[in-house]
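There are two complexes below, and they share chain A, which is joined by chain B in the first and by chain C in the second.
For the complex of A and B:
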């Protein structure tokens, strides 16, 4: 112990293995590229990228929920659906659908808060299935509202003034900016004090509680944030269709995809869901003429990863190369060069 | 009299839900595993009754004689390989693995048998019913399913409380490490419990196929009902599961009577209400919800 104290000044604490300026420069280049994408890339690519970003939003939120706060939800499609329907509702009431995105996000967050008081009575697997019951109930309630198109769904009004090309561009930019905001927000959350509480919670909940961490309040906050994020995904999904239908908006496949993508990419890392989304879309585009086989193969891959490589592909890569593009932990190096890391 | 009929039909359906739920309840009780692929496995059993049984020269009505033992064997093997590996990691992994399995099974069935509805053909039996009075009809099939459910639950309860193997299962479910120290091979016991759970789910799946049309995606919604029955009844109580199943069935029938669109919602609302008022269920032990 005394040795540690005496050599405290010689300890070198940092987050990144390379200069943060590189991260910043890289982020700026990527941001510039994807913002300019509609003017650079072919229209078919732009529409694939829109879907890519919608899934990325969901996966990043699921990762925050499960990978950091330890809550396995298979009911996030409920908030995707509510986000889509909130957008539809505001659009029917005369609002521009793009302007309705933030309102849809707030609606989902407000709805999620009371739900936590029910769901948090259950843990583990029972929590997981209960989130599904809630999502199913939300869909059934929406189904019975005639204004929102009932079972057949409804076109999203308010987009007819835009030309098809203009609509595609705007839709793409909406998905891209929401995805960017969600990833950056998650990154900042994980680097903040809240992120520290989350990692202590993930590593040892009892120890975390006894150290004074407000575990339930933290979980509640994360659940509400994840609901808002999935609501945002649902909102841009509605605009990209632009048809809102209960079977699609509340589809269980959203939950499956966000879960698989996160598992394969790497649970509990920010880069993981991004990598997972890339693999998922490559597979989906390659197998697009073979029905549901992409989901069967990807699902089997996710099961295999969960069993043999629980930190996912990014986790495996990080273990080998010590590479971190978006570091959220700290690295401590002693004067003799030995380095320990936290993530 | 209409309401008596509504409740009667609810009880009949409730028996089916309980049959569906007892495997889920058993696997959670013994291995602490929530098998999210439970509903899909029932659907697989129903498809096996329609497509596999005729190949083995067994009529669809009697197909359970082949499929139930087959499922018990599959259950033992899946538990000893896939599920055991997941349990060895953590509860988190078992959830992800069973959910992944559920999605994979569902989409495989979709690719192989398409989304068309199927049903297990039982000949003229399907139309036969017992007319109690001018309003109440009780279909023979539903009555048989209810009787089978009660019989399965009774046998399971007797097996767990009276026999040596049952005691072993309960010992392992209480503390598998302590049971291991006393010489029990807990992994084998887990396998036995999974075999029983799979056998009951096969029975439930075939019964489901006999009473309604099913398709590859039918598994998920049935898992929800089964799960609701287990939670309402209280974890670890088999008779509670029956009560929960009947509760869900009656709630659904009452909902459907008010407006057909409210059938499933009424069951969900009963579940959420029980969760709000009495989270450990009707007959559950106090601490059983905390993993």
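For the complex of A and C:
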């Protein structure tokens, strides 16, 4: 017994393989750059970055949902649409659209909770199809509301006081700050106790349950968080258009893009969706003169990755280099000189 | 009041009967071994107790509480810890993170306490030197030990062990039985499915034999192994010969 006690005193648990100061410094530089981007970069680039951040928000949320919690949804466009329409609704009621973003987020979270009681009765493919049905039903309900412009949609009011340049800047900053908040929140979730449950769920649901993890409650929480996140994406999407139309806000393409990007980058790591988004936008920009070829190439890449590298390109990179930009794990150190070997 | 009580538990998968009126009870601190041929329904019985499988009929009572509507994770938190015959590690998590999850969720510990519980569980099973290894890189023997370590980290009152001694050398079996005896001294109740009879004989005080989902013998380990019913089930197979020579 004394042996155990003494070894416990020398037990140290660290959360990363390198100094957290390194991560912090890198994060500050990146934050400073993207915050200053509207003043540094050409307007066309700023608008591309806006779209990049909108997709990044969606992909990060889809990764939590499918990559960690095992809920393969093809219906997240439902919350993108609801987020956009909630923003429109609050703007029509006289609220500044930018101020409406948090209200749109809360609206989506509140709507998502009861939906889980319906969806969680289903598994696998049935669950996926049901998420799509829910998204389409949400669109049909919105279509029937005359106040929100019905099938033709509506301009987002409340932005006319801003000059076009000012509007572009503010729109960009909104997408950037929402994306930053979503990625940071996801990172903090994954580092927390809940994050360990999510990692275990990603790896083995059966073992997770029998080790005491409340799997259903965890799933419910993640579904609500992902709905809120996609609602945020829809809200900034509405502002960036600034026209809200059902066919665009509830477009199935959002689901396809968040899925492809996450699969290419890597499911079940926080860095994966970021890498996937970067690849998607680099391909789109370099191949933009060749029509839809970027989509065809990206789609083929997604299929190839799914076949040969199910953990995505980031997963492959990490396996070779053990690189973790945003470490979420726990590493054991023994100060008494006893080594705990690593892979 | 017994810690665990099964009353007329039945379950079938299509035509396959895995449990048929299974009834037994286990007092706190007692140790019960389970033997029976492959496909007898032993692992399924663990599933019914741990909540992975819901029975068609019958009741499972743990510490006076009917578990019928209690989901698996809650059963673990109440004190039902289990290992899997086919190891189920969290492959992309480190060995330490595997037990940490169990310590935080199953045993409801936090912070430093959860680290210590996770780490002591690894020390008890000699896995501490591999703490930082991804569990997916472990060989079968280490995976089996990790099953035990993870179950220990949930701080079980009842520990369900499913063939954790299979494929071990004599020395490794003695190390394992030493761990189990230590748990017994601490008051942990043990239910142990095992083909390695010598491991059972040196630990359990009672044995049941399962065949086609039915308990065909129940009692003192040696009496059960030598009983007519068990002989019939095994048709004079290896398990009897091993028991007879000890």
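Quick note on the criterion: the second predicted complex is superposed on the first by the 314 of 343 C-alpha atoms of A that agree within 3 Å, B and C clash if a C-alpha of one lies under 4 Å from a C-alpha of the other, contacts with A are read in each partner's own complex, and residues count from 1 in each chain.
Here is the rule we use: a contact is a pair of C-beta atoms (placed from the backbone, for glycine too) under 8 Å apart; a residue touches a chain by one contact, two chains touch by 3 or more.
No experiment lies behind these values; they were computed from the predicted model shown.
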Next on the checklist: Just checking: does A:123 make contact with chain B only, chain C only, both, or neither of them? Give me first, second, both or neither.
Outcome noted: first
Next on the checklist: On the A-aligned overlay, A:143 touches which partner chain: chain B = first, chain C = second, or both, or neither?
Outcome noted: first
Checklist entry - Touching A:293, do we find chain B (first), chain C (second), both, or neither? => result first
Checklist entry - When the two structures are overlaid on chain A, which partner does A:74 contact: first (chain B), second (chain C), both, or neither? => result first
Checklist entry - Of the partners chain B and chain C, which touch A:196 in the superposed model: first, second, both, neither? => result second
Next on the checklist: In the overlaid three-chain picture, which partner chain does A:204 touch, first (chain B) or second (chain C), both, or neither?
Outcome noted: second
Next on the checklist: Looking at A:94, would you say it contacts chain B, chain C, both, or neither? Reply first, second, both or neither.
Outcome noted: neither
Item to check | chain C-contacting residues of chain A that also contact chain B | outcome: none
Item to check | For the chain A and chain B complex, residues of the former touching the latter | outcome: 66, 70, 72, 74, 118, 121-126, 128-130, 132-134, 136-137, 140-141, 143-144, 252-253, 256, 259-260, 263, 291-293, 295-296, 299-300, 302-303, 306-307, 310
Checklist outcome for this item: Touching chain C in the complex, chain A uses residues 4, 7-8, 11, 13, 193, 196-197, 199-200, 202-204, 206-216, 268, 329-332, 338-343
Next on the checklist: Looking at the complex, which residues from chain C come into contact with chain A?
Outcome noted: 50-52, 71-74, 76-77, 82, 84, 88-94, 96-98, 100-102, 104-108, 110, 115-116, 119-120, 123, 128-134, 137, 150, 153-154
Item to check | Sites on chain B touched by chain A in the complex | outcome: 28, 33-34, 36, 82, 85-86, 89, 91-97, 99-101, 103-104, 107-108, 110-111, 220-221, 223-224, 227-228, 231, 259, 261-262, 264-265, 268-269, 271-272, 275-276, 279, 289-291
